[in-house]
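Note that the chains are named A, B and C in the order they appear, and that numbering of residues resets to 1 at the start of each chain.
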């Protein structure tokens, strides 16, 4: 595989809870060791439910949340340390789409200023900013008259497009989209998705799609990574995960109404996980229908299956372990 | 939930300033405030062009004269026209306001934003300095400073600055902490913006609204400081006309010519009412509208 | 149980008079589960609030809304309030705001039953613990002593349902009860609702934007658009053979119904009519793929004209 757009290696993001004056206490890991790759031109969907850490992961990839250990590499570039300055090269190459597009736009800036801010931040010279702004708006289907509007004059859908235009400003190789369809009615959801698909085709961009909406992930993503309590429990080609999930959690997830209608219903026991109360061994063991003694004693290690998937499970449902 | 409203667009908006002015004019308080403030500002700017007499011209023949057609607000103990002295005084007082508030705002906001954004040690040191200043009773503090560096308008301005910096620092710092959590700040950081850029381009502009209201409400305080100090003789030196020094004269001759004191109080009254009302009207128009209609 | 006839709700606002619900005719039979489906701005929440008699004071109501034979809006406000606690229960999208955060759940569950005459506090407590257990909540007695913020979203929602069921309502309104929940938690709650259906002797109105959810739980479904009920009928037949173009378009947009993976998503172009404007003709005409010349002129009547199941489309009458 040629240079991947994104490589996340053994990423851990944690903080100290309890203790006095920031010392002592125990460490709580929101992300407990994640490996992830997004190849050039593909769309990877990061799916998971509340408490899994997917939003934190998105922020950690850009260094917006301090990293405890591990590495993030974007197009081969690594951040040399904490601090905004060392993360600049990576941030220049990634576009970020927020869950709430209106809130992510500075209310005192015009659309033209907003979409071209990246040019100014990275001091890209020899560019007519107004023309660039117009080009970016055209790319997302907005006419030039929006250039001088302010965020409060935009509808939700228009704000979304503006934030997409902004993300594409410096022609990033990777765009991270955080819940792009959150809060949208069914009849307009497609607009956002069609635009993302189109941008990918015309701009050769890789997408990391963070979502809890399995129905969408199935159609848009080439590969899926399933997160549970700060770890990727399974990742692989979309079709494979949907039709033959290897990890019991993936199986439960795919049997919800977002999965394929034919999958057998699996109703999970117990409650959603909490990073503060991490169970011993496999984090999912308490709710797993297939848990065995080993599962509560030993945390599983990620293994690669014959079809190229990786699973973190002692007894994957598809059986057989290879390489 | 958001539904498809992509064709819904408002017509090209008028510039924000015009909209603000229209808003202010809409309420009674705003009208009163705006009028008073404009009056004072006009006096300060036009000063020598509209004074009926030279503020320092002595005319013993009209010494302590009550208001008349010749001297609309009367004359003081040296026969100087009071109206002219008030107008002249407005220039001085507004000068103190502009310089005092301006410098305090610059220093206070800069320190506040830096402290609020995350530079903890700097913030803590500055906060300590501010707390010390605010803990001192203002007039005593002012007199102490005056005795150290002498009386005069410079001293008054310095005291105003020292008095206001802690206020602007505190508000800027607290508001910066809040604004730093906004999604658009995160968005800017995610694009690679430096801390300086975020502070200048994203936090400061969103801070301005609140600060303007604060400033408007502080002007009466500044006027009060000047008036108080000049009244005590620690401020303007004669024959300079300021509202405080006029009050001083008025107090000295309060039995023979009570009109002087009344007249001297007039501009202070107008200024206080004007700026306070303006500040409140600004605050109301910058706040999000309250939802109309009672709930269940 | 619930008989709604030509019911309308309007509010005065800054921008004008907003008609949130427009001439709705709907029945909910005793013992059935009716799904009320619509997107944002469809008026479904307003209608649900109207049934719960929780409309703001400024709302203008016309038409008939009869609960167990009694027209709710011909009563005075005090009488309506009495009726509210005695017979109609509700479950909301965010149970956090419905539960008092500074009072232990146990006490609230007991308090909710206060309306039921003849129940002592001890009896109420026993029933509460029993109901929590039936909701699949572990350690019900212990939970009674917890506060709402100590619970996860799924558990909180189950507590809310338990609270509603404890009042033995004749009508239960569930307003988007699973919208804020994770997919796996939603599944738990759906199975729970399905299993405990027999515990509700009365009827349930299930308000949601999700037609798929309705297919799981509801006997009949009413589809709302721009304040009107555009189609109502038995769930299986509405889903399999939708009679209104909006229902058809909505079903087509659902990615879950796209059997083959596809990167092309369908949408309904245009936008819903502005609720301030006075409507002429069919509400959906401006966005309908099957629109005819007369659609924007005359409002399509219910077809069939009589009966509880109908759709409002001119194409049906021709």
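Quick note on the criterion: a contact is a pair of C-beta atoms (placed from the backbone, for glycine too) under 8 Å apart; a residue touches a chain by one contact, two chains touch by 3 or more.
Note that the coordinates shown come from a computational prediction; the quantities given were computed from them, not determined experimentally.
Novice: Farthest chain from chain C, going by the mean of C-alpha atoms per chain?
Specialist: B
Novice: Quick check for you: compute each chain's CA centroid and the global CA centroid, then name the chain with the smallest gap between them.
Specialist: The chain sitting closest to the overall C-alpha centre is A.
Novice: On a C-alpha centroid basis, what's the spacing between chain B and chain C, in Å?
Specialist: Spacing between the chain centres: roughly 55 Å.
Novice: Go ahead and note the Å separation of the Cα centroids belonging to chain A and chain C.
Specialist: The answer is 33 Å.
Novice: Counting only Cα atoms for the centres, state how far chain A is from chain B in Å.
Specialist: 49
Novice: Of all the residues in chain C, which ones touch at least 2 other chains?
Specialist: Residues 39-40, 209, 267-268 of chain C each touch two or more of the other chains.
Novice: Tell me, which residues of chain A touch at least two other chains?
Specialist: 185, 187-188, 191
Novice: If you look at chain B, which of its residues touch at least two other chains?
Specialist: 1-6, 8
Novice: Quick one: which bits of chain A touch chain B in the complex? Just the residue numbers, please.
Specialist: Going through chain A, the ones touching chain B are 59, 62, 64, 84-85, 87-88, 91-92, 94, 96, 98, 100, 103-108, 117-118, 121-122, 148-150, 153, 155-158, 163, 166, 183-185, 187-188, 191.
Novice: Can you list the chain C residues touching chain A in their complex?
Specialist: These residues of chain C touch chain A: 39-40, 152-155, 182-188, 191, 209, 212-213, 216, 249-250, 253-256, 258, 261-268.
Novice: Which residues, counting only chain A, touch chain C once they are in their complex?
Specialist: 49-50, 185-191, 193-194, 197, 212, 214-216, 218-220, 238-239, 252-253, 255-258, 261, 265, 267-268, 271-272, 274
Novice: Please give the residue numbers of chain B that touch chain A in the complex, ascending.
Specialist: Those residues of chain B that touch chain A are 1-6, 8-10, 12-13, 182-184, 186-195, 197, 201-202, 205-206.
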